[in-house]
Amino acid sequence: MFFLSAVILFPLLGGLALLFFPREQVRAIRMTALGLALIELLLVLGLDLAYLQNSVSLFSSSFLHESWRWFPDLGINYSLGMDGISLVLVSLTALLTAICIGASFRIESKVKNYMAFMLLFESGMLGVFLASNLFLFYIFWEVMLIPAYFLLGTWGGERRIYAAFKFVIYTSVGSFLMLVGIIAIGYYHQLAAVAAGGTSCGYTLELSQLLNTSATCHGVLDGTTQLWLLLAFAAAFAVKVPLIPFHSWLPDAYSEAPAPVTALLAGAMSKTGVYGFLRLCIPLFPQAIHTLAPYINVLAVVGILYCAVLALMQTDLKRLLGYSSISHLGVIMLGLFSFTAQGMTGSVLQMVNHGITTAVLFLIAGFLEYRTGTRRLQDYGGLAARIPWLAVMMFIAALSSLGLPGLNSFTGEFLSLLGAFRANVTLGVLGTLVVVPAAWYMLRFFIGLMWGVPATEGAVSANLRKGGIRDLSLGELGVIIPLIILIFYIGVQPAVLTGIIDPSVANTMQVLSSAFVK
Amino acid sequence: MTFDIVSFIVLAVATTATALGVIAFKNAVHSALSLILTLLFLALFYLQLQAMFIAVVQILIYAGAIMVLFLFVVTMLAPDQNESDLKDAIPWQRIVGGLLGLVLVAALSYELFTGAQITGPKAAAGNSLTQAVTAYHGDTQAFGMALFHGFLFPFEVTSLLIIVAILGALVFGRRAN
Amino acid sequence: MTNLSLWVLLLPLLGFIILGLAGRFMPRTAILAVGWGACGLAFLCAAISFFSMLATPAAQRTSDQVVYHWISAGTFSLDFGLLLDPLSMTMLLVVTGVGLLIHIYSAGYMADDPSFWRFFAYLNFFIFAMVMLVIANNFLFLLVGWGLVGLASYLLIGFWYQRRSAVAAAQKAFVINVIGDFGLMLAIFLIFQGAGRLDYAGVLTHTFPAATATAIALLLFVACAAKSAQLPLYMWLPDAMEGPTPVSALIHAATMVTAGVYLVARAYPLFEQSPAALAVVAGIGGATALFAATIALFQLDIKRVLAYSTISQLGYMFMAEGVHNYSAGIFHLVTHAFFKALLFLGAGAVIHALAGEQDMRKMGGLWGRLRVTGLTFLIASLAISGIIPFAGFWSKDEILGSVLAYGNQTGNVWYYILWAIGILTAGMTAFYMFRLFFGIFAGDYRGASVAVNDNTNGDVEEQEAAAAGHHHAGPVRYNSIHDVAPVMSIPLIILAILSVIGGFIGSMALFGLPNWSPLANFLPAAMHNHAAEGSLTLEWISTGLSLLAGVLGIGMAWRLYGKGFAFKQNSNPLYQLVFHKYYVDEILNAVLIIPVLALSRTLSRYLEGDVLDGGSRGISTLFRGTSTFMRRVQTGYMRNYALGILLGVVVIIVYYAVRG
Amino acid sequence: MPLSAYLIMSALLFTIGVIGVLIRRNPLIIFMSIELMLNAVNLSFVALSHFLDSADGQMFVFLVLTVAAAEVVVGLALIVSIYRRRHNIDVDEMNIMRG
């Protein structure tokens, strides 16, 4: 029965258990951490199978649901729930964490704390994806932020303090507003429920209560309260996604954090923002989301093109990937707020694809930085001959990132943009236009590193003169291969994922009723 | 009736004078002595208000015990050093202090004069035991009854307080070794 | 009807995977075995399917084979399927046939290249992508093929990735192809919006409202223009000559660039629904034909001459399709595939013989040494110039005839102008082809004698650098030149034969023979019955004139360059303008590339740097400022604190006093 | 005598105590001023107890007394220990805990 709690608490307890290891046994710590992450992955896969047996909707009785009373009179209880969308994201998080821990065997200082924080980070994210009570959602939201701050702050590059500080400021301001929103929604919902006749209705934060229109205690909030509450929630999620004006923490955080951490941040954490919009904002505030959707779409499109253009001239490897990642998330948001079945299924599918592709790109950037010690693009050049395997892996990931038809990102991007196009033609066209600058900066990124004539001065040429650069070691290859296989598999056979996502999207969105275009 | 008024006024003037003396004298010993006088005058006030026990207690404990302690400490701590020669670090403090004092007095008196005139005895609210006991016009026996029935718990607490105070004094008094 | 199209698709993919993973360790013969085997078997399967298709009656010649369910989201559901019908059969034969010949040829051409295996892996990947594009049964997998083909051309153009010019050309080619993908994607969105499905069977029978039909057709044409290097988006093809010559032959002459022509032919019901789009197709086709031909007149690098010639011939194909005669377009596509591939391979043989030399001024008099290459090159030149028995004559004249007939039928003066442009371009084509032929084979050998930098003109230097960039050891002595090995000359000969007899698959109605045009009958009737049926006299006039133009062109070339190519620098502005390819690259750079990069640089410095970073830094300084101010309240003097307390008390009392 | 007279008297004493605290810099004097304030409160307690005819007031005076005693004891002990360490006792010197 408590399958979901096991999935969340296992990495938490694993992380804590890890702290009791003696500090100097670095190898043992790394191995156990990887073991824990892999066991967690198996647990999640078991969960997937359990789910696929009886593919259920969010509110059907047999839905994988757990609920324990916590503060009964406040309507707060420890309740978890899962449907197709959270299943996909939970699996992505578990996979990426296992891979990123596998890729972190080069971290030397304070390995024990590092691994513990990574596992804590994973359980925070899993909690966010599975919580079905607003209070519990907020707790996991914060539990996710703390390890991210420490991972970024202690093991990062030179400007890590500044980056970590900015990251926390942006995220916590957003999440405090969300807390206000959470408290307020319980209160207004109660008011509305009482007004609607259910005199005995109490203050509740239980998602199934708030969303379940047939429940006895269901009050419908009026337009303006919905709008204000939506803005409160949107603040936290917009920072996390990030939408354009709130994105300036991302380039610093992604370029300063160690590569495995950035891979996890970009791969999984940014999805919690979009998940928040999808699971909380749209169902809870249907009217308000309609008034706000055009503005969010415009922000998304601006974000897509603005960051694509910015990525053209970045000199720092990870910064370039950071901007590209914002651009991709813009496409996801555009798909989500098109309120069409294709757009939303496409955006969830693209969340998974973007997670995989960005993780590979950041890990490779990390391997390169580990070998040469520099992140400046100008120092690199013509490495394909020396490190062919790394070049091939990077090329596949770069192609997937620029949306080459036939690979994984194309399927998600195509569906999202199709949905966006059906909702609003001009935004659809502008969104699709990103394909051109995306190809341009991705190729410039790959060519700058791998093709052309090797740079004559700078750190890379020094390494080349000294002893040359080693190609991918077996461990590194083993870390990337699963993701590369997924890139090809989802590209060729996306029906597997859309089969899981589509019914859940339709189910989550029936609250929009007429607005949701099949 | 006039005797009351005259005695009150005399007492009032005397108390005010000695109170001012406390804060005015340069020499600490003088202000200590003037404080003792103030306490005595207050005891007289209490007598005037027929609070016999309190008046006696006031004289015995306050004037007697506490002030003796005060004098003891004052004489010990270099009485000759008067503070006028020291530069006053924050001169504006005095002016503002004085002003605020005046405002306080004005506000309080305004409040008292315009507030509800409490002249006669009023039936005490609540059903505290003391209310039944005061039928004897507030004499010591009534006070004792009230103390040990109504206020037993606070009485015990104060005893605890005093023990703590003694321990505190012991700790601070210890010669730094 | 046996349909082996799935094998035609999977065999090259298999070849690519084997060579891609293990190619590095395989000996040369094994590489060739896999490469030739995969492509050869694919051609065999295509041939088998072709003959079985010929055996079946015309009606049941299409077989739509669903492979697996690809995706489903809401009402959008799509299966990946293969459609084998006469049109895709023709394309399959061309792709795999010419592909096989080029595979054989490359064994010789790339013999001395260290990453021999990588070349064959990419070739196989290209054939897989092109086959996917051609036999997909829905627009989405057409887009997938479209993208993969763009990737293949990127990989092959940038094959020698150490060379800066090749890398830049590859990137330019890919980005411009992505612009095409962008157009195709929008068209697909519109199609789904209108028809609710994407497979050809459903979409091509659906009638769209006029405006959407035109929008879809034009967007599809944007994709074709990018892929087939038509006017606005052609500039990547001349730079694509940086790739090895077999690549130019296969991709940039015979197969990939014709994908646009195939797309228009495939989606002809859509184009039929919007006459405006067809007019645009015809117009741009004609304009590109003329424009590219003018540039080709004065090029010095033999491969660039052929590149511009390809652009021009593609213009012809689109002209044919613009006047509703899609089968004429496909016919010219097939014949063009033969003689243009032959021309490129011939040029490749010349370059190979001269150890990498590509500049006409350092060739000449090779007729004596490269006899086979010379002969096949001559045949191809005659074919492309539209001289009577050769393939080019039949296909080009069918196009010009139908343009004239269409002009006559609709009475629209523009089509007459278009026809005139066609004739003029035919003449120019003949001129530059024979200028090239005489430049290479006639006169005396200028290789060793000419010092490299004898002329002053700066931009010629640029052409020198581009040509010299190709790793060649320096001018080869005349008598050490020897003709190419049989592995290269056999494909030349086969293609030469095809260039001669290729024309006879087209219509012979001209000479009173019964309407015997196997290709037109093979293709679905609807692809040419909308075309205008001009009277026989009109046919004779346009054929006669185009033949005359061809002969004139050859004559002028003979008079100017008969005795050998002599480069005369002349400074009249018109010549300079054309010589510098209308400065298109420089304009593109100035108008598009530099401004966007500058915008990106300023945005990241000012908007990102100052406004956003500054903003967040500003907030933190704000907080620090208020905190330092608050700190001064803690003065340390106890009396101040007492004063504070008193102030509080006083305020409360005064408040109550005032409130009363 | 009317109750308000006593209250005014107590207010006056209280104010004098407060001013004493504010003005003087010798901790002993400050201590005495505090005592003064306490006694002012005692006075008002007794007066009210007398006029309201209830012993509660006097109870509080008694408690205040004990508290004052405890306070003086500890206070003086503190001052003595400070004096032993610093040899001069001036309130303004003791500002180590400054912000």
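By letter and in written order, the chains are A, B, C and D; residue numbering begins at 1 in each of them.
Keep in mind that, in the parts below, a contact is a pair of C-beta atoms (placed from the backbone, for glycine too) under 8 Å apart; a residue touches a chain by one contact, two chains touch by 3 or more.
Every value quoted in this text rests on a predicted model; they were computed, and no experiment measured them.
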| item | value |
| --- | --- |
| Chain nearest the overall Cα centroid | A |
| Centre-to-centre distance between chain D and chain C (centres being mean Cα positions), rounded to whole Å | 99 |
| Between chain A and chain B, centroid-to-centroid distance (C-alpha), Å | 70 |
| Approximate Å spacing (C-alpha centroids) for the pair chain B, chain C | 105 |
| Geometric centre distance via CA averages, chain D-chain A, whole Å | 64 |
| For chain C, residues contacting two or more additional chains | 635, 637, 639, 643, 646 |
| Chain D, residues touching no fewer than two other chains | 18, 22, 25, 92 |
| Shared-contact residues (touching 2 or more other chains) in chain B | 89-90, 93, 96-97, 100-101, 104, 108 |
| Interchain contacts, given as pairs of chains that touch | A-C, B-C, B-D, C-D |
| Complex contact set, residues of chain C against chain B | 635, 637, 639-640, 643, 646-647, 649-650, 653-654, 656-657, 660 |
| Footprint of chain D on chain C - complex, ascending | 631-639, 642-643, 646 |
| Contact footprint of chain C on chain B as seen in their complex | 89-90, 93, 96-97, 100-101, 103-104, 107-108, 110-111, 114 |
| Of chain A, residues touching chain C in the complex | 165-166, 169-170, 245, 247-249, 251, 306, 309-314, 340-342, 345-346, 382, 384-385, 399, 402, 404-406, 410-411, 414-415, 417-418, 421-422, 428-429, 432-433, 435-437, 439-440, 443-444, 447, 450-453, 493-495, 498-499, 501-502, 506, 517-518 |
| Interface residues, chain C side, partner chain A - complex | 68-76, 140, 143-148, 151, 154, 158, 161-162, 164, 167, 171, 174-175, 178-179, 181-182, 185-186, 188-189, 192-193, 596-597, 599-601, 603-604, 608, 612-613, 615-616, 619-620 |
